[in-house]
């Protein structure tokens, strides 16, 4: 059994989806992983990890707009307001999505669908330094 | 360490929950898996994997109706409209739920609660061919 | 390869977030787990598992209030009403969040961010006995 860890750092600059599929695949290739599970976890509660369509960029814009309407930045709605109007909505968006994904690797290939990409979904307005832990367990 | 893969194909026919608990358990039994993790991932971004109640079918109807109200099929709300009025809402519903689940197997038994079943939650209106990757890692 | 299982029991008393980070870490320490994956799964469909901020308790209050507004307890909205006005909303909140989390352990340490804690998010009004399966696979 083989295990490896890697901390992917992404510096974000506002509410966007940041794709990191290529960085993850590069790390897999460099390590010659054959068959195993890749556990991704983001070490924050105001940004998410999601698997989404990597074709039409409008999908990402619509996602961001939808979540912004669903969870309004309105201080009157929340008790936790000391960290900025975007902070409590960011915690809620994190709860509505995911901060962890387990992916499968088979014969050295990450098993994603044709239109699937890996994204960090940033919910904060100002720049942030984010860490996504990559943990491989397999052969 | 033992690893096995299996692609479960489900042909869907509209917005419904499609249970596949039995197919998953059959595959586990056929392979005599003892203790390990079963990673399920759907290779699409317009359908979800969820664990839900398998007793009262009204729960499924209510879930579908709730998500349809929460994410309206209304082209005026979205930029991504070329694939049909149900496509962008389907991407959003996928982000609000899950496209991956890791389950535990102990002494040849899949650890689900008494009322829990495994479902593919289809968000598109027309027929679709869906693939759910099953990946076992254990002894 | 080493595998261990443990059923953590939590008796809940209404809609709250119940932190169990310490119980999980105690179990890891007692077993001297080195590197591996810890799969947590809740055996119910009316309560969730989430990773959230463990600093300001207002974050938890805001989360509970937000989800209560998003998924109203109003029998007129649902067909499944026989188990109480809070039951169908609880199923929906479960679908909107998670009933399973995979965490990484590296060098005997559970990899959570500085402000991250593990919570059972109870969606039912009356007392419940909940089980969270802990399953470790690693070395």
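Order as written gives the chain letters A, B and C; numbering starts at 1 within each chain.
The definition used in the following text is that a residue touches a chain if its C-beta (ideal position, glycine included) is under 8 Å from a C-beta of that chain, and two chains touch if they have at least 3 such contacts.
In this text the structure is predicted, and so the values were computed from the model without any measurement.
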{"item": "Overall pattern in which the protein chains touch one another (line/ring/star/complete/other)", "value": "complete"}
{"item": "Copies chain C and chain A - interface residue numbers shared by over half, same or different", "value": "different"}
{"item": "Separation of chain A from chain C, taking each centre as the mean of its C-alpha atoms, in whole Å", "value": "20"}
{"item": "Chain C: positions in contact with at least two other chains", "value": "1, 37, 70, 96, 98, 102, 137"}
{"item": "Interfacial residue positions of chain A with respect to chain B in the complex", "value": "1, 35-37, 50-53, 56, 58-59, 61-63, 66-67, 70, 96-98, 101-104, 106, 111-116, 121, 137-139"}
{"item": "Touching residues on chain A, where the partner in the complex is chain C", "value": "1, 3, 5, 37, 39, 41-45, 70-71, 77-80, 82, 88, 91-92, 94-96, 98-100, 102, 131, 133, 135, 137"}
